[in-house]
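I'd like to ask you about the structure that follows.
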């Protein structure tokens, strides 16, 4: 990430702001407030599902492409989901060449770990013929601009894109021993994914003795250790990861987890509400796309 | 109490460009012929070809007597002698610091052009050279004045006045340099309880009020005491006000900032992050400016 | 052990020296149909990371006819490099680099010895100070136990073991040995003897080639 | 995959014979009548064998064996940083995590795969808080981990092994990091799971199936690494973390002992 | 004092010892370091062995997989040996693709396997032209204290002797591959190649089983691989020219060593079987 060296005094200013009795962050938020988010689904026409998320000036585009493939031998009766994150050099010149690779693999491993259980996304429903044919969901996350809190933003984008995903209906005809697959080409004869229990990542940044959500880039520079949690709408935790070069007291980890769980539930519900609302507005809605 | 402010793009309020934007005069794009008259002098953003003066950047044509320039809408900072700038130390070198000032090249602050603690006219000893990182280290912010522009466009800075120097607690914003209005003074102690420095390079520094009598020491002694909560809220509100102004391409100077600040008092600081709130604030400012004719 | 009379001789050798204009020394050596081109540069500049304080850095690059160099080529490269390093008086050129590049043109048997001989000729051509000359000879043992010197590809295929020896021109001691296949100690000894005899011819050939080259240039 | 010209290459595609096993045991529950298959109690760890300082060429090294889990670690440095572009007054720590090709049931690749890269990062983040990086400015300490055989808890064993090797190398640290792992199975917690007991995403359908790995600095009571897998509710995961902390505290004296003994034999 | 000489003039230091027919670590010139073989310790591998020559440690693991044979050799299986000099074994190796030394050693092991014919590749055939075994043998060096080549060969041969393959058949009707884990067969190892490396010091001292220090100071290296009483490789890549008598001495020593090593492997193997 774009690493700017901040001065002691600037860091102290942020630190004290969070430690205050009535916490006031640089932009006036409290410790548990997210910045303004805007989301739009169905922005890329040649994907099975897509979404674009702006979280303050973090900008993320997610595309889902469903393709037919062979299930892996270890789990023959379910489909696959694969994450690929691309850190565009548009976001910061440091990502040029292989510069963004490290961050990209980090985001994609955390995402795939969040979705690596059957409760969060039912991969079995993606199987067509066990051992032979299944849907593989390729999820591409493109990072257009970084303004902090990339993990949360990426996971929200992914969830929205999955909500938007439509997979063509498939009928299997059995002739003798040969299985034949027929893809429906009716654009309305489609299946949707159940994302009601898909997780969103909540990153809690430990700054001084307290923790905040949705840290800005400047706050990330002050933070010693972060706890990333994949939280579902039910409040279960699908993945947990401590990150950063500092260590954490067990007590504060439990505190952070408590906060994360609470915020994660709010985040999931608000996201689902917005997505449903957007869908209701239906065809009247004009795609805004990439222009502001 | 946690808040998650999320919405879909379609729910965004109507675009504010319904009012027809006034046609801007003298707007040119690269290659446009500005004049065929050979009596003019070629300034920034222009070039001569076949005895005609062409624009080389997109922007507004400006004329000062015989000199014609094109001022681009968005650009890196082009330094001028006497400008107040804010910069961040990025490297400590031999007898100089390299400073990032959002200009084309990194600016230079010589050890000989800073005030050192303990007297303005002290000689720089070898001891001082060794202590350079002690005075200013990587990451520190300074306010300074452009002393000189070198052949390659690199700015040489100085802090030889007590109002310049290392900055303490506060928050830094970066906006387009062309939005900063050039004024007599760029240091303002605002009545609401905070100070701002409007750097010509587009960097704006907001900090708790400084007492000019006692605090102007060049910043070598830093006050790291916690800032009171009310002041902190003022700083955050000012930050959001300035960003709102910059977002709507309004010129930034002390009056416009104060207007924005006063207009924003209707809302909580947190709400100012929402786009509809900012446009409402901007509307209020525009109305007030029209009323007062500024 | 009987040594086949007709197979006691080496195949005809021809060489061309200094025919590459850009390199400091070059040689194309043909033994039978086996052909190798060697060019060499140096003593010259060397990358700082590879610089050795008290002697020259000898580097050998071997390029096969097709494809990228594989592990087996690396082993060959190492063998040739160590052999060349032994003869070069590298202490005379500290902190410099001597690069030897070998290009396979055709392999029709006894390939390794052709490589080493051609490298030696290139070193001669570039007038690099050497301790002594080296001569490489290959022989193979057939399943009946017959020893054939300087075998071609067909003979190599039929054999149970192939041995390559490199001798110095001073005492005709063994500088390098490389073998494949299995054999008894006695077989090893008789091959060593046979190759040592033949290596003297190689040295004579070097002498003649150099004479030819010098008489041309004079 | 492109042919690797720097290695001896076999045929392009191969298959493990175990895919085709006919008389495969049907995957039963990991607990048999409420007991673990290897007869351990739920909170019982496997016998632990530790040995610091066995690689003669390395600055520090350690070997850890927990039943069939075998991990070896070497530490080199502090030595000069190869790439000098980033100036820092702090030292650098790097970790390379590798499964030996024969260490798992499935054949591993020679090159580091995505999982190994991820584990390298996790290991680094577990160790970094413990190492006093400011004691070797501009220099680098390299930690190399090879898992010779994986019978569960590869990461937790690596964390313990690596911190032991760092201590053996005389690198200044705030504390030793002890790793431990637990398998969550419904409302049961299996400490130190074996390979068979470890969590695999595909054969668990319910909530509260998963695993937790932590790295603890026991004497300053700080957690330096924490990861989990599987969908788990809040109370259970908190309980699992607490269980792991207790396990670490139990293992800690063994580590101390091993280090003290190795110092004794050296002098 | 002795340590200073070792640091500043290591050659002189060694010479002083060798002139008295002893080496700094107390060995005689013709004495090998203590050799330890530990067979079958890795249970995830089909065959494995750990070998220690003094400090030098190499672990070899064999992973068996199924593959299609080459069209021109329908009955031959594959043995794919690779030597891995991981950065953990010495400060001179860096992470990444194998360096020159690792490549050279890998090829050396391939040559030894080929020359000694220690495994008949046809023994690896399951169905001719269809299915054969591929044995991937990885030798990972854990501690690089000289003479890794000998340790690699020793570990590979021990691991091969330890290798057990499950019974695999191809069902003739369905063409499906069927593996039976319960029935395993030991791999047949026909010969026991043993490699012995000598370092030549100062053009006339010949020392066996050199350590890393001795390897760097040596003026030449000669490796002899024997199987039983026969030679299957004499490898001397340059270095000091040797007289015939010196080579002969090395060969005799190598044959002697070969006997000891074979006995060691067999004894370890036996103790395992019991």
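Which chain is which? They are A, B, C, D and E, in the order written, and residues in each are numbered from 1.
To be clear about the criterion, a contact is a pair of C-beta atoms (placed from the backbone, for glycine too) under 8 Å apart; a residue touches a chain by one contact, two chains touch by 3 or more.
Going by UniProt, the chains are A = Exosome component 7; B = Exosome complex component RRP4; C = Exosome complex component RRP46; D = Exosome complex component MTR3; E = Ribosomal RNA-processing protein 43.
Keep in mind the model is a prediction, meaning the values are calculated, not measured.
Without chain A (Exosome component 7) in the mix, what are the joined groups of chains?
Once chain A (Exosome component 7) drops out of the picture, we get B | C, D, E.
Any chains in contact with both chain B and chain D?
In this structure, the chains that contact chain D and also chain B are A.
Report the chain whose mean Cα position is at the greatest distance from that of chain A (Exosome component 7).
Taking each chain's C-alpha mean as its centre, the farthest from chain A (Exosome component 7) is C.
Which chain has the mean of its C-alpha atoms lying nearest to the mean of all protein C-alpha atoms shown?
So the chain sitting closest to the middle is D.
Looking only at C-beta pairs in contact, point me to the busier pair out of D-E and A-D.
Of D-E and A-D, it is D-E that has more C-beta pairs in contact.
Averaging over Cα atoms per chain, report the distance between chain A (Exosome component 7) and chain D in Å.
28
For chain C versus chain D, what separation do you get between their C-alpha means, in angstrom?
Centre-to-centre distance between chain C and chain D: 51 Å.
Let me have the rounded angstrom distance from the C-alpha centre of chain A (Exosome component 7) over to the C-alpha centre of chain B, please.
Roughly 35 Å, centre to centre.
Pull out every residue in chain E that's touching 2 or more other chains.
Counting only residues that touch two or more other chains, chain E contributes 103, 106-107, 110.
Please set out, as single numbers or ranges, the residues of chain C touching at least two other chains.
71
Return all touching chain pairs.
By the stated definition, chains touch in these pairs: A-B, A-D, C-D, C-E, D-E.
Residues of chain E touching chain D in their complex?
Those in contact with chain D are residues 41-45, 48, 55, 57, 59, 61-68, 70, 78, 80-82, 84, 86-91, 95, 97-98, 102-103, 106-107, 110, 134, 136, 138, 140, 142-145, 166, 168, 176-182, 212.
Would you tell me which residues of chain D are touching chain A (Exosome component 7) in their complex?
Going through chain D, the ones touching chain A (Exosome component 7) are 19, 114, 117-118, 121, 125, 128-130, 201-202, 204-207, 209-210, 212, 217, 221-234, 237-238, 241-242, 245.
Could you please specify the touching residues of chain D with respect to chain E in the complex?
4, 6-11, 13-23, 54-58, 61, 68, 70, 72-74, 76, 79, 96, 98, 100-105, 107, 110, 142, 144-146, 148-151
Residues of chain A (Exosome component 7) touching chain B in their complex?
The touching residues are 4-10, 12-13, 16-17, 19-22, 24-30, 32-41, 52, 56, 156, 213, 259, 262-263, 266-267, 270-271, 274-275, 277-278, 281, 285-286, 288.
Would you tell me which residues of chain B are touching chain A (Exosome component 7) in their complex?
Its residues touching chain A (Exosome component 7) are 1-12, 88, 90, 138-141, 167-172, 222, 224, 226-227, 229, 232-233, 236-237, 239-240, 268-270, 272-275.
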